[in-house]
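The same chain A turns up in both complexes below, where it pairs with chain B and then with chain C.
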Partner chain A sequence: MQYFMALATTGLIMGIIYALMALGLTLIFSILNVINFAHGEFYMLGGYFSYFLLTWFTGLNPFIAVLVSGLMVALIGLIFEYFFLRPMHLGRIERPPEYAVLITFGLSFFLQNLALAVFGPYPHRPPSFFSGAVDLGITRVSADRLTASVLSLVLMALLLLLINKTWIGKALQAVSQNKDAAAVVGINPLRMNTIAFALGVGLASIAGALLAPSFSIVPDVGAVPSIRSYVIIVLGGMGSLPGSILGGILIGLVESFGAGYFPDPSRGLTYKTAFGLVIFALVLLFKPTGFFGRRRS
Partner chain B sequence: MKINRRFPFQAKWILAGVALVVALLAPLALESYWLHVFIIAYFYALLASSWALLAGYAGQFSFGHMAFMAIGGYTSGLLGRYFNTPPLLGILLGTLLAGITGLTIGGLVLRFKASYLALFTIAFSEILRMVIKGESGITRGDQGLSVAPLFGTEVISRLPYYYTMLAVLVICLILMYWLANSRVGLFLRAIREDEEAAAARGVDVVKFKVLTFVVTSMIAGLAGGFFAHYITILTPNILIIPQMGLVIAMAIIGGVESLIAAAVGGVIIQISLEWLRQFEAWRLVIFGALLILTLRFARDGLVTPLLQRIFGTAPKAELRTDVSSNAAKEEVNLDEA
Partner chain C sequence: MCTPKRLLGLLVVFAVFVLTASACAPTTIVETVVVTHEVEKEVIVTQEVQVEKEVIVTVEVPAAEPEMPEGDTILIGGVGPLSAPGSFQAGTEMRNATEMAVDEINDAGGVLGKQVELIFGDTEGLPERGTAVVERLITQNHVVGLTGEYHSGVGLTEIEVAHKYGVPFVQAETWADEITSSGYPEIFRIAPSIDFYSSIAVNYIAEVGWQKIVFVVEDSDYGHLQAEAWTDQLAAKGITDVQVYFADPDTEDFTPILQRIQQDPPDMLAGVITGIGNSRMLRQACDLGLAPTTETAYYGSVDSQYPEFWENVGDCGQYVFYTYVGLPESLWNDKTGTFMADYETRYKQAPGGSAMAAYDATYILLNAIEEAGSTDSQAIIAALEGIQFTGVMGDFWFKYTADNPVPEGEPAWMWHQWPTPNTYIIQYTEVNQAAGDAPVVFPLERANGPVYTSP
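Right after this comes the complex of A and B.
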């Protein structure tokens, strides 16, 4: 029981961070109807940016570095959206759904190789937020991961407030429900697209920056988190914000229990991500719309 | 009757014939090192063109093409290592296993929208890589699985491998060309233009998508088998996502709606990568940027328009006609069929 609770705690802590990243992907999907195949690369950029901010400006508060790297990546996302995704919504691109898959995958390929050329294949690790581990009574958790998890929770709460209470949030919801109707009441869907994309990749970047002290940053560091996010958004129901929070926590638990109870513990870690694929297949077989999915035209 | 004739019939075949003759005679002028470069280039051409069949004709995007290639290579390599299976039998079984895996994944995922295939295959590919890496007791993991050379250890010359890879490429291209221009190809294009309309006209949408996915997966598996028995060592690095990105860049930059253009893209890019060796990691950055720009500004790729210019035809008007005339043509074809 003790072991069970310990696994549940670590699973929950990681799951919350996974949810933050998946939330960004969901936000982009629900507004732009685009699956961002470069999501993992924005996560990677967040990690590198916070590393270099902290290396160049010694004494900088690490939390400021996380925030600034989020803003920098959001700016990159904004530029990319404007030049490569907006034309899609202006009818300048043939077969927009196919283009969306390929252009974001192309961006992922470009950014990963760019990171390899600029930063090299060696791992970079920014300094810890807080060193050591925290005793939660049930289990000991590294202070860095706990910090990342708590901050993710705060950010998610802020995002939900933004979505539900502010004008921009309501406009985003309106666009996600019906683009044309939103345009009729004076919301510019194109602007909402850009905002959603910048916000979404900013969240991925913050997740990357928050986890960078725990797992070092290498050019392909984004692969596993992005695949995890894909599983989460399918599980939660494509485009559903609560779905991706619930899905994220569930995947965190599945990975933790899966690795903890795997007959051969050293292999359990290898197969951690593979459990996600099994869940993916099960969702497609039994409930293709996920938890909170709705049919999309 | 074909609806998408891009070049005048004869000019196209004359060009293909010339290219084949050049490829057959090339070893006379190439030193052993460049022979190797071309063998690898043909391997990538095979991957790029089969990916283009799935993407450009059926409109389905697999990010797991390298995983099927690895299934082909590793199956043959492992069978050879543990059961002394002869290479050709191993390649055959590897190709079959790639097909069975394709059938399973396709059957599961292709009922849904195209993005689900992309999502599922990217996850499948990464997880297969982790399994190969993790089960190092069986697969030798990062140390590399050594595979018997196709023509035995006595043959040092690369010439037989060159002609084998070229033959595999040409045969597969002919097979895919035939498929793309058969009724199946017609149905695929109908599905890609408008899935619901195709279904309404009685096309079994899922069946044709799965069929294409299985065929292209098997071709990737076949390519992987021959690659493994040429390169003689396999590591999980052959199926990292950037490798997949490279194949996609080849197909897109070549021209994803033409099998030949995608294959030519594969050969040209692989050879350019060798040429640009001094730029090291920046080479792939260049091709990454080129991929994005091609997607945005030249959806037909860079090879297809070049060929069109040479032959002075403008088939675009025919290909991208308004929906009504396209539908009318398909109707005619469906009736004939």
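Right after this comes the complex of A and C.
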């Protein structure tokens, strides 16, 4: 039973962190109707920015570094959206869906190779938020991972507040539901696109910066989390924020229990990602719109 | 009706057409042109057949063997992983060291009086990519020899291509026994075979007296071969309580498996994972309180030798031990010291064992070309078989060659294998200890520290 609880605790903590990253992807999809294939690279940039901020400015509070790296990446996202995605919404691109896939894929390759050239191939790790591990009775958890998980919960709560309680949040929701109707009531959909993209990649960056002390950073560190995020947003329902949170936690738990209880223990870890994909396939089979997804016309 | 004149005219036009076509063929057909000129003089119908035959031959020649280099350069090919999913940390080191060796040789006057040009191909850790890169280097770039490679799975496919075209290849960092047990005349290796590499750690485990061993190995050719070799060799020593878990090299979270292992902690936990996986696993095992502890020792992968190891694992790296392929500082020769200093000056990074291996492999290949006196493949292979070269990792030679085949009783991988690769067990006894300062703990005759220091 203790082993079961230990796996549940680990899965829950990881699931919350997964959800944070998937939230950014969901936000972008729900507003822009674009799957951001460079999401993992924004996660990677967040880790690197946090690392270099803490290396160059000795004594800087790591939480400030996380926040600043989020803002820096949000700014990059804002510029990218303005120059490369906005033309799509202005009717200047002949085949917008294909263009969106190609441009974000291109950005993904570009950022990954740029990181390799600029930051080098060796793994880096920013200083810990808190050193050591915390004994939860059931199991020990690294203080860094626990911190990342708690902060992820706080950020998710703040995001939900922003979406549901502020004018910008309601404007984003309006654009998500109907761009033309939103424009009629005075909301600028193009501006909302930019805000959503910057906010989404900023969240990915913060997730990367929060996890960098736990998992270190290399140029391809975003590859696995981004694939997982795609699974989570489909699982939760494309464009649904609560769905992404639930999907993230579910994937975290399934991966943890799958790896821990797989009949052939030597293979449990190898198939870890596949366990999530099995759940993904089942949900698509029985509820194609995901947990909270709505059918799109 | 065709008159004889018209027929003769047609034949002349046809012969001229064939001559023109053959003149437009690849630039490798100097001899063919000479022959076809003779044909034109005779202008006889039967000569057409000769001309066609010659054209066919010229098509096959460039693919069959590399040419003599044109101009003032000798082209060699380097291969290694420079991007994911390959271990691009090791690959970058190998490329840097190969470039450094080529530059040094060029500064000293080159080889056979010509400058050496290196074309380094990124094999990405993918076997199919390795095949394509080596194929391109041989058939399009016309390299006269190859050096490098890090991943065994990739190396195994590359040797097939090198063998097909008869191009000599000095493999620097591939460990699979099959690389040299293939018996291919073109393939040489200066890295240890997995059989040999594993035997060092297995003998060490037996020496310390650990009985319950758990390996977490990467799910790749390298990992599977390692797992098999470890398990078999430990069983031969009477150590049978051995468990193996596989994991993708880019796994982020090892905790579920580590929690399972923690239910019944072993005497030794090993992270046989290239890239960043080993550091992640070590930190997670350390956070869980699993290893390294007084009950459970931690055996790290080759990545433990990189300076970034400490940045990534912090205090958890103390008491970690690992197999080091290369020369520890206490055993450096003059060349090693110069190389280490020059590399660090040039790349602002201390080199690891992969850099040393790539550097020596390049020197060995180029020395063989110089000794062969030509870029003919067979001459280079013969020179490699007889090479005596002191590099940064020691004195290189190949014991079993065409003149001295591997005898029965010796493992087949000894073919074209450097018989004495430097392989040691090193243990970090202090936090932030440089690999060069860490004591060698095994083999005992080379040890300069206690066999194992427990937390």
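Heads up, the rule we're going with is that the second predicted complex is superposed on the first by the 292 of 297 C-alpha atoms of A that agree within 3 Å, B and C clash if a C-alpha of one lies under 4 Å from a C-alpha of the other, contacts with A are read in each partner's own complex, and residues count from 1 in each chain.
The working rule: a contact is a pair of C-beta atoms (placed from the backbone, for glycine too) under 8 Å apart; a residue touches a chain by one contact, two chains touch by 3 or more.
Everything numeric in this text was worked out from a predicted model, so none of it was measured.
Steric overlap between chain B and chain C is present once the structures are superposed on chain A.
In the superposed pair of complexes, A:Thr10 makes contact with chain C only, with no contact to chain B.
Looking at the shared chain after the overlay, A:Ser216 reaches chain C, while chain B stays out of its contact range. Judged by the touch definition given at the top, the superposed model places A:Leu116 against both chain B and chain C. In the superposition on chain A, A:Phe292 contacts neither chain B nor chain C.
After overlaying the two complexes on the shared chain, residue contacts for A:Gly260 are found with chain C alone; chain B is out of touch.
By the touch criterion stated above, A:Tyr82 is placed in contact with neither chain B nor chain C. When the two complexes are overlaid on their common chain A, residue A:Arg95 makes contact with chain B while staying clear of chain C.
In the superposition on chain A, A:Phe52 makes contact with neither chain B nor chain C. Once the two complexes are overlaid on the shared chain, A:Gly268 sits against chain C while remaining clear of chain B. The single stretch of chain C with clashing C-alpha atoms against chain B, selected from 152-160, 170-178, 422-430 or 440-448, is 152-160.
The residues of chain A shared by its contacts with chain B and with chain C are 112-113, 116, 220, 223-224, 267, 270, 273.
Contacts from chain A toward chain C in the complex involve residues 3, 6-7, 10-11, 14, 112-113, 116, 120-125, 128, 131-133, 139-142, 145, 214-216, 218-221, 223-225, 255-257, 259-260, 265-270, 272-273.
Across the complex, chain C meets chain A through its residues 83-85, 88-89, 91-92, 216, 219, 243-248, 250-257, 259-260, 263, 275-276, 279-280, 283-284, 287-289, 306, 308, 311-312, 314, 349.
Taken together, the chain A residues at the contact with chain B in this complex read 35, 37, 83-84, 87, 93-95, 97-99, 101-103, 105-114, 116-117, 220, 223-224, 227, 230-231, 234, 267, 270-271, 273-274, 276-277, 280-281, 284-285, 288. Of all residues in chain B, only 55, 59, 61, 63, 108-109, 112-116, 118-120, 122-124, 126-127, 130-131, 133-134, 240-242, 245-246, 248-249, 252, 280-282, 284-285, 287-289, 291-292, 295-296, 299, 320 touch chain A in the complex they form.
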